[in-house]
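Just below sit the structures, each encoded as structure tokens.
Consider the two complexes below, in which subunit A is the common component and subunit B and subunit C are the respective partners.
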Partner chain A sequence: MPRFAVIVFPGTNCDFETVSAIKKAGGNAERVWYKQSLKDFDGAVLPGGFSYADYLRAGAISARAEIMEEVKALASDGKPVLGICNGFQILTEAGLLPGALRPNRIPRFLCRWVYLKVSDAQTAFTQFYKDGEVIRMPIAHAEGNYYTESLDGIRITFQYSDERGNVTEKANPNGSLLNIAGISNEKGNVLGMMPHPERASDKWLGSEDGLKVFRSMVEWARR
Partner chain B sequence: MKWKARIVVRLKEGLNDPEGRVIGKALKNLGYRIEELKVPKYFEVVFESDEPEKDAEEMCRRLLANPVIHTYSYEIEPLGE
Partner chain C sequence: MFPHEEKLVRERLGREPNEVERAMLEVMWSEHASYKSSRRWLKLLPTKNEHVILGPGEDAGIVRFDENTAIVVGIESHNHPSAVEPYGGAATGVGGIVRDILCMGARPVALLDPIRFGPLEKERNRYLFEYVVKGIADYGNRIGVPTVGGEAEFDESLDNYTLVNVACIGLMKPEELVHSYIEEDGLLLVLVGNKTGRDGIHGVTFASEELSENAEEEDRSAVQIPDPFTEKLLIEATLEALKTGKVRALKDLGGGGLTCASSEMAGKKGFGAIIYADRVPQREPNMNAMEIMISESQERMLFAVKEEDLEEITRIFEKYELEWVVVGETIEEPRYIVYWGDEKVADLPVSLLTDVPAIEWEARPYSIERDVETPEIGVGEALVKVLSSPNVVSKRWVWEQYDHEVQGRSVLKPGLDAAVLKINGEYGLAFVSDGNPSYSYLNPYHGAMSAVAEAVRNLASVGARPLALVDNLNFASPERPEVYWSFIETIKGLADAAEAFGLAYVSGNVSFYNEVGSRPIKPAPVVAALGKVKLENIMTMDFKDKGDLIAIVGVTKKELGGSEFYRILGIERGAAPRVELEREKKNTEGILKAIELGLVKAIHDVSEGGIAVALTEMALAGGMGFEVDISKIPVEGELSPVEVLFSESQARFIVSFEGENLEKLGELFDEFAVIGEVKGKALLFKKEGEELAGLSLDKAREIYSSLPELLGEEE
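Coming up: the complex of A and B.
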């Protein structure tokens, strides 16, 4: 069974539910303190939270931690690396994904359910979805406004949409370029996303649309 | 040798600054004719170095600024041995 490290920095707060979602998806997962090693793991997840209290810029301090060198090594080996919310911010700050997450267009914390269009169902994290499928997940962030100077090397994976999958300005909660909610690298084994799939991993949470992110990832790591 | 760097990190031209916009609006409410308000970040760094220019430049590039969205500038003053 593939073994995933859920990396915990000071201020991370979505680690337990992320571990639980990976287990439900058929993988093995452990919380790993950022000073530990990633040896013998088949993939890594950077969960949500407020690592280092968002000092300097969200994710900026964690991105410079030593453990990120091991995350980069996993990524270049083709193993799955997933960053959720603060984890997405860390991945961009660490240069594992291009671009930056800027403060929301309306400068406040947004905590609500959104619809997402799966724009690329061929990545390590979306292979169990269909292209164009519309799913529902919560967002909870103040800096989720994706910005980049160039789309080179980016696979747009999730976009904020209405419930029919139309990517409209009205469906864009935070001002993200092209309604981007999640992007992956060219190989499709590194994904950063602002919405929280682990908070949509059981019916009693309101949706289990997010579970396929973890199922896809577990399946990818099995190969 | 000890140095002090005064570093300013600014958002690139054309990128909107929601915090600046809100503060500007509040000043307008106080009756000022504000056209634009931006909120750069200012750092004061005291450090030991034999190559202060190079180190200050690197500090900006590697951490204090995010090259995707920021520009930066700095002044360095010697503080003695």
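Coming up: the complex of A and C.
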């Protein structure tokens, strides 16, 4: 069974439920304190939270931690690396993904359920979805407004949409470029996303749509 | 301290206390820390039953959920600090209650924030509101504890002031309970967390006096500085340290700072302590012993451990990069001794700090309930006005700023009758808070009972059976005889209502002296309730299918005193709704049975804004309209159509269900009447077939979502 490290920085706060979701998806997952090593792991997940309280800029300090060198090595080996919310911010700050997450158009924290269109179902994290499938999960962030100078080398993976999959201005909760909710690298093994799939992995919590992100990831690592 | 108390201290001590001792005594004898005006009356509250593991007396109460799960629960107020500095005041209020839960051994898993303000028309009230919400959000979100509910209310009596209450629950195994007191000498006292600064000096004494008009300038230094990042590390480090099984006692530093935490920890079972104040890490240069002993700097915990376990425990603190210091030790002799270097700067019998004599104030009953005639107003106009009230409109603007999903337990989210958290694969915990200061002002006894009754109705509406209560009593100065009387009446109401439902209060808080410029607030008891619900039985308020019948449970009377309807008409008098406990119990029991038997599709309790608002909320939640004939609503006495629709009589619910279940459902209730059906895309009120008022669902939604506009925002 593939083994995933759920990396815990000081201030990370979605680590426990992310571990549960990976286990539910058939993977093995452990919380790994940021000073430990990633040796022997088949993939890494940077969960949500407020690492270093967003001091300086969201994700900026964590992105410079030593463990990120190991994360980069995993990524270049083609192993899955997933950044959720603060994890996405860390991935952009660390240069593993291009662009930046700016403050929301209305500059405050927003916790809300949204619809997403799966715009690319060929990545390590979306292979169990259908292209164009509409899924539902919550966002919870103050800096999720994605921007990049160039779309070269980016695969737009998730976009905010209405419940029919139309990518509209109205469905954009934070002002993100092209309604981008998640992007992956060219190889498709590094994904950053603002919505929280781990919070949509239990029918009692409103949706199990997010579980396929982890199932896809587990399956990819198994190959 | 009052002069008679100072005299008493001199007598018990046999000398004048020195400057450090006086500051410590001042803090410990404050109303906020000692409960000296309330203690005697709080004893009237029921505190024991089969669900209670630990009642009031420590930092939080504990309730049994099942064999393997205990729920730790507490409630706090941070009114005075929030009125002076709303962001820091509200944020540190969250931090304080979270540490109270943590120090019993539990992981904090949810927060509720009942908050109250003056009218939003005034800029200062808008400022207080926006920054209290931001303070709660920034703190709760950063520590990863979801804020799953609460209340936000606005009333003229709170102009330029705010009531910021916060309730928290935690989860643990019953055997993980750690007490806040020690029962042996020779233990090391380890202070861990933030450095100690000059913030929050005299915080509790400041919270035990009325605010002056220019408190904003004068009292800033009494408000603590929030640091959620350190709090989050403290949570994880504490839980990891507790896993070793080697923590002998644990207490957080809150009101009264190091003095309060260490003297209570040592003194509770008759031991004493020596504190080396100069060892405390200082945030600011040149602090003296007095400042260090009473500072209320946040994010600090006090551990009692055996010397041989010190290394194992402190290694965990170091992993989380938290500063720690052995600040003292416990001793057999019941004395509280403070050193500054080699100098002994305080030496008191520990009981002089912890046993504060009660004060009884004069109580004078008042009676201000008067019959009023309801002014002429059309149903349609009244509906729009009531729906537009900041008290009625959706609070989405508030709770979307709170991370209400973190930790992955939120089954029912904010904005419904009660929040529900998933505890295991089969059961959930329902959590809700209620308070009706406008009722309490008119009739403190019934106002208090209504807070309990409404909380129980909210739990029942989501399918939960109540487990336990906590109470937060926000009052003006107890030195005012009318206020003190209203306080006593409130306790009696809380006690009677809880006893009727077989419930106990496991924790609570009293906040007196809530006044600005000698203007007392209305009595404001807030009750938070816990309930247990089978996940598959969870019920919601949204209308589910067109053609479903709508019925009302309970009887409607001309009870509009303190109602939202009278508030928008500017009427301060009238009689508060009466709580009839037998009726409440019967109707609540009927609702729970109806859910268990699967006979109903939607339930909503009738409270603020009466039947009209309850129906509107059900329609908006389900995206379906209704047609209701008000002549079918059972009433007692003579009521006009607006009185029927906006009365806030208690013990009422609205339900929707399939017609075929009508007979079985009716059998569950003594007071039950079909009043209409789920239909169309409008709210339609009729009387004997004739239309009284109609409002399209879209228009109703526009009004109901208008809070951002009331705050001057555009979205």
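The working rule: the second predicted complex is superposed on the first by the 223 of 223 C-alpha atoms of A that agree within 3 Å, B and C clash if a C-alpha of one lies under 4 Å from a C-alpha of the other, contacts with A are read in each partner's own complex, and residues count from 1 in each chain.
The rule we apply is simple: a residue touches a chain if its C-beta (ideal position, glycine included) is under 8 Å from a C-beta of that chain, and two chains touch if they have at least 3 such contacts.
On a predicted model such as this, the values are computed, not experimentally measured, just so you know.
Of the two partner chains, subunit C is the only one that A:Ala140 touches; subunit B does not reach it.
Taking subunit A as the reference chain, the count of touched residues is higher for C when subunit B and subunit C are set side by side. Within the superposed three-chain model, A:Lys79 lies out of touch with both subunit B and subunit C [touch as defined at top]. Judged by the touch definition given at the top, the superposed model places A:Arg57 against subunit B, while subunit C stays out of reach. When both complexes are overlaid on chain A, the residue A:Arg155 reaches neither subunit B nor subunit C. When both complexes are overlaid on chain A, the residue A:Ile106 reaches subunit B and subunit C alike. Within the superposed three-chain model, A:Arg215 lies out of touch with both subunit B and subunit C [touch as defined at top]. When the two complexes are overlaid on their common chain A, residue A:Glu93 makes contact with subunit B while staying clear of subunit C. Judged by the document's definition of touching, subunit A residues 106 lie at the interface with subunit B and also at the interface with subunit C. By the touch rule above, subunit A contacts subunit C in their complex via residues 10-11, 13-14, 16-17, 20-21, 33, 48-50, 52-55, 106, 108-112, 138, 140, 196, 198-199, 201-202, 204-206. Across the interface of their complex, subunit A is touched by residues 134, 137-138, 141-144, 228-229, 232-233, 319-321, 399-411, 413, 422, 428, 535, 713, 715 of subunit C.
Within the complex formed with subunit B, the residues of subunit A that make contact are 56-57, 60, 64, 92-93, 98-100, 102-107, 147-149.
Across the interface of their complex, subunit A is touched by residues 15-16, 18-19, 21-22, 62-64, 66, 68-69 of subunit B.
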